[in-house]
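Next come two complexes built around chain A: one with chain B, the other with chain C.
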Partner chain A sequence: MKLRKYFIVTRISLQNSLAYRSSAIGGLLFFSLFIFVFFHLWRAIYKGGEVTGYSLTQMIWYLCITELVVFGCRSGVFSQMNDDVKSGSIAYQLNRPYHYVFFQFFNALGNMVFNLVIYGILAIILGLIMAGPIPGFRFANLPFALISVVLGIVINFFFLMTLGLTAFRLEENFAFYLIYQKLVFMLGMFIPVEFLPRWLQSIALYLPFSYVAWAPARLVVAFSWDLFWQVIPMQLVWVIVSILMSLGMYTYGVKGIQAHGG
Partner chain B sequence: MAAIEVEGLCKVFRTRIKEEGLKASFRALARPAYKEVKAVDNISFTVEQGEILAFIGPNGAGKSTTIKMLTGILHPTSGKVSVLGMGPATQRRKLSYRIGTVFGQKSQLWFHLPPIDSFALLGAIYDMDKAALKKRIDELTERFEIGDLLKTPVRKLSLGQRIRCEVAASLLHSPDILFLDEPTIGLDVVVKHRIRELILQMNREQGTTIFLTSHDTSDMEQLCRRAIVIDQGRIILDVPVKKLKYDYMNRKIIAVRFTSEYKLSELKGITPEKSGRMGARLSVDTRVCSIEEAMRWLIAQGGVADITVEDPPMEDIIASIFEGGGRTLNGGR
Partner chain C sequence: MHQHVVRAMNVFRLIGLYFKVNLASALEYRASFLLQAFGMALNNGSFVFFWYIAFSQIGGRIGGYDFNDVMFIWALCSSAFGASHILFANMNSITRIIVSGELDTFLLQPKDVLISLLCSKTSLTAWGDFLYGFILMALTHGGDVPAWSMFLLGIVIGGLLMTAISVTAHTLTFYLGDSSLIGGLALEFVISFCIYPEGIYRGLVRVLMLSVIPASFIVHIPLKLARHFSPGLLLLLFAASAAYCGFAYVFFYRGLKRYESGNLIIARM
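And then the complex of A and B:
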């Protein structure tokens, strides 16, 4: 299989993001606003006393990282696919000599790289302004935590892809998206897993949702090798599962695609 | 050799029925009702290599659905399809190297980037090496006269300019068959003409088989020797364009406006459809009365302020095919 087309689509979609950068400004504002609101919320909560597992500084950075993961891979794969099926432009994408699922991944990758860089810079600036450096933070550990960030983004992408592919068969699939987003939000993005009741914690650690945002953010703000070796294998499992699910959904969906629009 | 062979092809869509009212909505929640729509209903035809075929019919007749089955995007409900000896649904990827598609209402170019970037990506998708791609782009650029457009972001191109780039893009990998789905929709007469010329040229020089859907009869008249007329998913006519023109497109509509009140004399072959105080719409049977005769006659009727000559819409032609009875119908009802 020739791989050049997959690299080129990443390059072209990165170029497209750069050409369309004005759209990023709205996202940056929203990102800042979101962090600003939750910064005040957490500060108010911490006034009532320290919360186990996270200092306020760590909590603010946790917030910045989870937001980064979710915004960073806000590639729009779900809504994009819905639009493509409904408008019928899917017809242009299906009859090409590539693997649709992987091509879409590399297509989104360009946009994700762009988002990661600009949101990453913003997250670091906001974190430094609102919380300052994390005491005891070691840069040597950061590359290992970043592995987890990347895996979290990949998991999120392929789950959204799986849900997006349901559009091939279903007229209305937005509910899946909402449920998924809320689960990622509640099981990590908004509230660290450590804050959940113990019974829910043990369930959450067997589900994929916390490995999207919680695991990478925890590794960035409080790195430990124990956690690293606990989290990375689980993330790898969910990467494989989510890829297999999207491939399965594609194979199933493409057989019964209901192409609307002309 | 046949490029496309279709036999007994059907496509049934299942759509949800939603009735009016809250009560019905709740009922639909518990037990959704579906209705089956036959978008394509048992059609058979063959297209030879190098042929230009017009596949025409009104909106919603099943044209696009057929194209989507021929290119492997939709799986047929039943029937046999063979394109270049391959099954489109099962060998989609292999087939895709040898066919090209243009959907007039959609774009395959990246909206914010100049076409040259999309071309580079398409070249990579079709595994073309850089030298071959460059040569092909140069060739198409010259032929389609898009040299100036290649480096302009697509969003700044006019529709006509964009469509020229779209057609060029779908020809990059030198496909054996080009599927054109409403390629001239929304274009003005001059640009339409230009696109048609380019399509004809491709067919003549490279022997590209062309499968064209349109609801514009002039597309068919200028491009094709054979036309298949489809309505409500069925083929109602499969004849040479000449015959179709003679039998069914023998009517022109003339709208005329006079400078003062007028009174029309009789002329064989002309029937007024609508007449007002200062103007009229006339239907001309061109077998009985040529357009030239009609014009001369009109000018003799009084001071003419304005004249437009139109083809009757596709819907009228199809209605007249049905009226024409079963004699000339192929597989009609």
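And then the complex of A and C:
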């Protein structure tokens, strides 16, 4: 696989994101609103009683990071796949000198990098204003936590791509998207795994959903090497599985294509 | 007076006719319709899990609300949103219709422009939102008559308020140019203040929730009335909601006077 052409695709998509940066304003407003609402909600919850495993400051930062991974670095890949398959425009991309799945990834990568930077800055500002510095935070650990952030974004991308590619074989696949999204929300993004009932915790740690948002956020707010070596191998496994699933779904889907000209 | 009643009846008849046509169109694609509605109900249902976990962490009240109170505001918000989008789904497209010049088509029709514009589209997923509220109410409030009464009344008031919010935000396009960003965000913004206990906010935010962001009138005051009925508060709810909807209506027609017709030719099937 010659990588140079994919890097050019990423560079162009990054240039596009920079050129159309005003389109990010709505997302930034929503990101701020989400953090504002949840800051008030969790403050009220912490007033009501003890919450195990996280201080309020850690909880606010936890939400800033999960929101950064899931919302800030979202790619729209699910709807892109759906549009390409349902409109038939995918037919024009099949005979181009790149692999469709990797083209979509590198095309989205530019935008995701742009979002990671601007939403990352906003997350830090909001976290500092609403909660103050994270207790015990060490900058030296940040690069390792960022590895987990990137792996979380990649897992999310390829699972969404797999679901989007089901459009090849299914007429209506939006319900799958909603179910996946809610599993990511409830098994990490809104609720840390530590808050789940014990029986559900043990199941969640074997599933991919918590490794999208919970693992990176936990590493940022309460880094430990034990946790790092526990979650990074699992994230790598899910990265490989999600890429293989999207490639498999693509190959299976392309076999069923019927082109009628036009 | 008689004229006003006849006019109101005509508006209701028009809404009813649009509803029938839109529903018939949706039922042409039954599988898609059911799947989308089911998907949305499931989507909303997942938040029950969030609240279950949140309450199980502390075992008390959050922002002055208990678990059933939160389920009431969720049910009401969901059904009001569903009702408004079943009947008036075009509220989300007003800016696009103005900017593209498609509004000409509605101006030529012998009926109320705003009502025709709002009613000419429905949303399939809105049925899921609408029904989800009823299921949640049945599961959490059973035969609680005051709660059901305020829930049903709240659907009408909340649905109209949500529509008014969207109309007001999109109408800014007449005055300021393309307002799709604020039009798209306005309702989502208000809903964010509807689905969490009112008591988590203080000071200025609470004042905003009773004015610019009318979240209190959509869910929180109906909840108060369901728990402790007060005729004065009910009157305030009616008056404020009527004022808000009236403002949106007048604001739209004032703005419409600034509209410059395009030359787009459109066929409505």
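Operating definition for what follows: the second predicted complex is superposed on the first by the 255 of 262 C-alpha atoms of A that agree within 3 Å, B and C clash if a C-alpha of one lies under 4 Å from a C-alpha of the other, contacts with A are read in each partner's own complex, and residues count from 1 in each chain.
Heads up, the rule we're going with is that a residue touches a chain if its C-beta (ideal position, glycine included) is under 8 Å from a C-beta of that chain, and two chains touch if they have at least 3 such contacts.
Worth saying up front: this structure is predicted, and the values here are computed from it rather than measured.
By the touch criterion stated above, A:227 is placed in contact with neither chain B nor chain C. By the touch criterion defined above, A:28 lies against neither chain B nor chain C after alignment on the C-alpha atoms of chain A.
Contact with chain B, but none with chain C, is seen for A:89 once the two complexes are overlaid on the shared chain.
When both complexes are overlaid on chain A, the residue A:4 reaches chain B alone and has no touch with chain C. When both complexes are overlaid on chain A, the residue A:186 reaches chain C alone and has no touch with chain B. When the two complexes are superposed on chain A, the residues of chain A that touch both chain B and chain C are 171. On the chain A side of its complex with chain B, the touching residues are 2, 4-5, 8-9, 12, 15-16, 19-20, 87-92, 94-98, 171, 255-259, 262. Interface residues of chain C, counted against chain A in their complex, comprise 31-32, 35-36, 38-40, 42-43, 46, 49-50, 53-54, 57-63, 181, 184-185, 188-189, 192-193, 196-197, 199-201, 205. Every residue of chain A that touches chain C in the complex is listed here, in rising order: 25-26, 29-30, 33-34, 37, 40-41, 43-45, 48-52, 171-172, 174-175, 178-179, 181-182, 185-186, 190-191, 195-196.
Across the interface of their complex, chain A is touched by residues 13, 16, 64-65, 68, 71-75, 92-97, 99, 101, 103, 105-108, 110, 112-113, 117-118, 120-121, 124-127, 153, 181-182 of chain B.
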